[in-house]
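I'd like to ask you about the structure that follows.
Chain nomenclature is as follows: A, B, C and D, assigned in order of appearance, with residue numbering initiated at 1 for each chain independently.
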Amino acid sequence: QEKTLKIGLSNGFVGSEWRTQMIEEAQAAAAAWAEKGVKVEVVVQSGNVDVQGQIGHIRNFINQGVDAILINPGSPTAFDPVFKQAKARNILVVATDAEVSSKDAIYVGIDQKAWAAQSAQWLADALEGKGNVVAINGIAGNPANEARVAGYKEVFAKYPDIKVLNEANASWDQAQGQQAMQNLLATYPGINGVWVQDGMADGAWRAIEAAGKVKDIAATGEIRKDFMSRWDAEKFNSAASVNPPGVMASALNVAVLKLQGKEFKDGIFGGTYGNAIYIPIPFVSGDNLSENLKNAEGKPGYWSVTATVSPEQAAEFFK
Amino acid sequence: MANALEAAGITRIFGAVRALADARLTVAKGEIHALLGANGCGKSTLCKIVAGAVAPTSGVIHLNGEEARFRSPRDAERAGVALFYQELSLIPQLSVADNILLGREPKRGLFVDRKALNTLAAGLIALFDGVAGDGLVPDAITGELPPDQRQIVEILKVFAQNANLMIMDEATAALDGRQSQRFFDILKAKKAEGISTIMISHRLDEVFAVCDRITVMRNGMTIAELDTATTTREAVVHAMVGDVRAAAAKSVTSARQLPSLSVTDAQSGAVRGVTLNAYAGEILGLAGLQGQGQSALLKGLFGSEPFFSGTIEFENAKLNIRKPSHAVFQGFAYVSGDRGRDAAFQGRSIFENLVAALTVRERMKLVRPATLKPRVNKVAQDMKTKFAGLDMPIGTLSGGNQQKIFISRWLATSPKLLLLDDPTKGIDLGAKADLFALMRQQAEAGATIIFYSSEDSEILDYADRILVFNAGRISAELTGANMTSVNMTRAAFGDAA
Amino acid sequence: MTALSLLRKQPWLITLFVLIVLAVVNTTLQPSFVEPSVLQSNLTTFLPLILVAIGQTYVVLAGDIDLSVGSIVALANVVTATVISALDGSLAAIFAGMGAGLAVGIICGLINGLFISGLRFQPIVTTFATGIIFAGLAIWVMPQAGLPVPEAYWQTYSENVLGIPVVAWVLVAGIAFSLLVSRLPFHVHLLAVGGNRTGAFQTGLRLGGIRIGAYVISGCFAALAALCLTGETASGDPLLGASLALSSISAVVLGGTALSGGFGSSAGSIVGALVLGMIGNVIFFAGLSFEYQTLVQGLIVLTALAGGVFVTRR
Amino acid sequence: MTTMTSRITALVTDPLTIAIGASVILLLVGETLSPGFAQGDQIVKLLTVAAILGIVAAGQNLVILGGREGIDLSVGAMISLGAVLAGNMMSGQNSGIPLAILVAGAVPFLIGLINGIGVTFVRIPPLVMTLGMTAVIQGGLVVYSQGVPSGAAAPLLAGFINRPLLFGIPGVLFVWVGIAAVMLFVLRRTAFGFAIYAIGSNERAATLVGLPVPLIRTLIYGFSGLFAGLTGVCVIGYTGTSFISVGDQYVLPSVIAVVIGGTSLAGGAGGYIGTMAGAVALTILQSVLITLNLDVWARQIIFGVTLLALMLLYGRQKKLRV
């Protein structure tokens, strides 16, 4: 009888359904392993905690003696010492959603910069390379936010006729996104494009609708079912890079394979810190919107478009 | 030899209020000097200016011939001035010893020397040995002490400063006769050491017994400086308030009807089995030393500190009074002498302060100022309360006028039973006379009135009947010709009359 | 003295009892809890809150409150990391960085104290506002988390000195500070200022100095917490410590200090902070499903507060 | 003469005047920095946002007026709760609106009563009680929202908040005016309102005139929950969907709106008109900061400094040496 693989999962933010879906998909992935005869037990610690609280999570996992730790980290660098301690106990650490600098951990997830660049490129194309753009960002200083900002800046820099008028911050909060957009629309009557991330896009589009400018503005969107339904019905000129909640499940699949003793292929790691395995970033645009909506049938309104690296796909990362 | 204090031309304006117009105060070395005047005439303000707690608008102060400009009480303390604050300056959470020596703790190295602190405090407390009552020990928590002991702590705090000039702003207001006597003995001893004292009091007996000279103020101005030896009460009172009102006549006790209030074997913390009757139309006085259960009886009747056992019958109905609202609905009213703590809604208007009890008594849902204002205004006017308008904040009134507002608050409810717990504490002669006239008026209109006073003379002068308390029990009932100071004192100390 | 009156004077004894219960429960759930390495690792987690709570206590005792401690932690952390890397990262640079971090804490505390005591600003809103400013400065100093500190710094932090972990030394120093200060006249004066501000003024105490002093202590301990966090996270992060302000207040109250001022002790707050930390720990090892963790934690904290206050209320 | 000057002084230092003055100055600053900011249309939108803050601040106002360090930090979680509950009751259907309002009002009201009981009878300091309750509500929301669709605003409600109803003014502003009328009536013309001021000013004296102090204090925490729940309904109308941290951003602004509106944190003094002006001033300030093309740290510092400047004008404590 094989031993059960014990995997700790640390999540530091409970305010969004995306995170809930992320955890649930990881638990589902663990259940799927069981059907293949591999017992995987996922221990979750989830709460509204800061970096320090998440370090506490990791310490608890270490003290409990898990085999691997999955984390959606709140900081790129802050976990270096604690990951080192985990490594010293022979615990595998896999971060997802935001990259970490520790050489004692690996990252399995999307390239946040590319994620932003993808939708910024769509926006640039939609504007045919010229126009006035505003951006609504998340929380300044947050690593994912900074990577994304770098991503869209890089794209817009290639278009001298695209002018970024203003960049507001709305804390990834839908209502604040709506309020910010409303203020921006009032101040800059000539806005052609909006680059906005995640749930704030829903708010921004509401402000655009309220201002009666749906026809005049192209703006990035998001990937929750509710939003996609409106997008479809109101014919928004929109597109969205998908940050799939399934990243945690992907990380789990990679971790299980690694715990089973497989070796990573040479040269598979890249990214900012040389420890990342980037996975594909789906994209929702007018072209495949109806397809995505069909997939979402029967799901709750907050359900996000997702994608998971299956165990078979994950096996590709290994020798 | 220079005077201990010479304050001249002191003025102080608070917004629109001219608290001091031209105050002058001269105190010689080693004298006990009385500062007298009606409520709100500026005594406390003048003293606080001398002690650095209030800034003067103009004026000059000389201490021992040298000009003094204090920017804080700290400066004054350094110059040897100590003030007993009328509202007390104690920290309720701290121990008695910490309070007495606050800011001048004995130290051992960097740390507080607890042992020395307690010894020093115990030494000071010993000054009131035998009269302070139980529980006044260095490590008692000050906030848990009864009012008279807190007042003693404030006095000791002044003594601890070893000042050359002590200012006692109504330091005896909450003390009983023996405590006051001890206090005066100490003052006289200090006087012998050359220490000067300014004493504010509304009790002329005390003033004439211990003070050498008297300064009288009216409306922020010093209007008379008198020698105690060569002046008379009448002269002083006239200087203070202009005219003296006659004391209210006692009721001619006719054959008693059935009692309106009967209390049987009431027990609570400080009440140890009290049975009494009170009659409509009479003013019943509660006497005895401080803290013998008089206040507790009144609080028990009003439900703010309910009795553990015993029965209360009022107008032939047995009552179960567990909280003040029960009492209010029965038509009871309670006036406390501790108005700052028990009565004042600071920051609110005079009107709001006046209608508070009325809204409860009449179970109002809506408050209509248009109809209520004339009603309460009349009551307040009947008490000769001085105020600029009903919408002014209560804090713009002097203590005495505030107290009149708090009494009017209850009179507006036309109470059937009026409970007064040392209601004249710190109010001036004029106001006092007004108050007793009003009590008489209420009694004649059929109300039952029970009052306690820390001043024996008030009880002797105004009560129709007296119950003397000792250790939570009634030790004597005095009526008619038996109502004498001697009988009262004997009963107070436990000798049944 | 009866047990109840002892509890009234030292309400944190109840919290201590709760702590012991939690420790016993935790040991049952997680037998390794008493191993030195596990104790050390838990202490490392709890330490920043303990330190911030010690500092917060003095402000609360004086009748004020400091909501800016979280931002001070962030600012001190990024300044420390920036100074260390701007210099050469040598040992001297590490000390310079730590000094700079402490200076930040002291200056922030001084600013709070001057506004509140000097200009008579309302403490809650003022420290909320200065907290926003300090957080803004932290982002200005370091726009994004990063900038690793030298290994010597964080290695030392996780090691032993004279056979005892550095974190334990810090805790001992915190307790010693708390005990020493409780015997200074300053402490009595602090209680006086918090218990009856007018009375304290009339008594001639230097109110300004005392209240500013409390804020400076609070800022200083926030900076110390930042130095510990820097040792724990080995880097700078402008968003660090955001939760510390409110949880430090919970710790202070759990430790038996009156939020209205005038009564309590920082020793109690240490126990309060340990209880808060242990609650999270117990919940984890109880194996609760993740959906219930926040709820149960909230309920336990609320119950602990209610119980403590209920037993000791006057 | 003196009374004239003192009246002018009183007017100039009146919190209401200051809050309104601050609003006008901020509007002018906004208009100068980015023309179009102070257009009629935009002002209506700003007021809509201010209305949402103003409604939650009404409850906060009552709690703070009630004294004994009254403050309700759980309003954020209650707003989220109200929004999630309302969303689930409506599920996008107009017919669900009445039930949504009922449930989203009643549940936070009951939780508010629990806050009140903790504060009043157990004597837990309000700051800590409501902070603890925040964690409990958030935890409860995580449990509750499991697998349950978090719902959506009914079109009628969304239109009521976001689109003009009469004279180009959205319905929510009329609701705010209505709430203001009720607040003013309750505080100035009812025994309950007088009692709130009384217990906030001197709890002991309030007990001694026979007021049911514990009941009143418990109720005002209940009302704070009620207002927060209704704010949640507005928020879901504004944003269309709800999520479980949607209310977090309102907690401290609700306190600040009350304080810069001239209500004393010590209780017993202040009123709702000032709070309304405070909510408007705060909303305009936040908007101006969004429109300013500045780095985020600079925006934060300007926000903090502006708050301090407002404190300087009137949020100050009494002098000890008078």
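The criterion applied here is as follows: contacts are C-beta pairs under 8 Å (C-beta built on N, C-alpha and C of every residue); 3 or more make two chains touch, one makes a residue touch a chain.
This is a predicted model, so every value here is computed, not measured.
Touching chain A and chain B together: C, D. With chains reduced to the mean position of their C-alpha atoms, the one farthest from chain D is B.
Chain A and chain D have Cα centroids separated by 34 Å. Averaging C-alpha coordinates per chain places the centre of chain B 45 Å away from that of chain C. Across the assembly, chain A contributes residues 14, 48, 140-141 that each touch 2 or more other chains.
Among the residues of chain D, those touching two or more other chains are numbered 138, 142, 146, 295-297, 299, 321.
In chain B, the residues that touch at least two other chains are 53, 72. Chain pairs that touch, as defined above: A-C, A-D, B-C, B-D, C-D. Remark: chain A residues 11, 14, 23, 43-53, 55-57, 59-60, 62-64, 74-82, 85, 101, 139-143, 146 touch chain C in the complex. Partner chain C is touched in their complex by these residues of chain B: 53, 72-74, 76-77, 83, 85, 88-94, 98, 102-103, 105, 107, 110-112, 157.
Of all residues in chain C, those touching chain D in their complex are 115, 119-122, 124-126, 128-133, 135-140, 143, 197-198, 201, 207, 246, 249-250, 253, 258-260, 291-299, 301-302, 305-306, 309-310, 313. Against chain C, in their complex, chain D makes its touches with residues 69, 71, 73, 118, 122-125, 127-129, 131-140, 142-143, 146, 252, 255-256, 259-260, 265, 295-301, 303-305, 307-308, 311-312, 315-321. Chain B meets chain D in the complex at residues 14-16, 52-55, 71-72, 302, 304, 323-325, 327-329, 334, 336, 341-348, 352, 355-357, 359-361, 364-368, 409.
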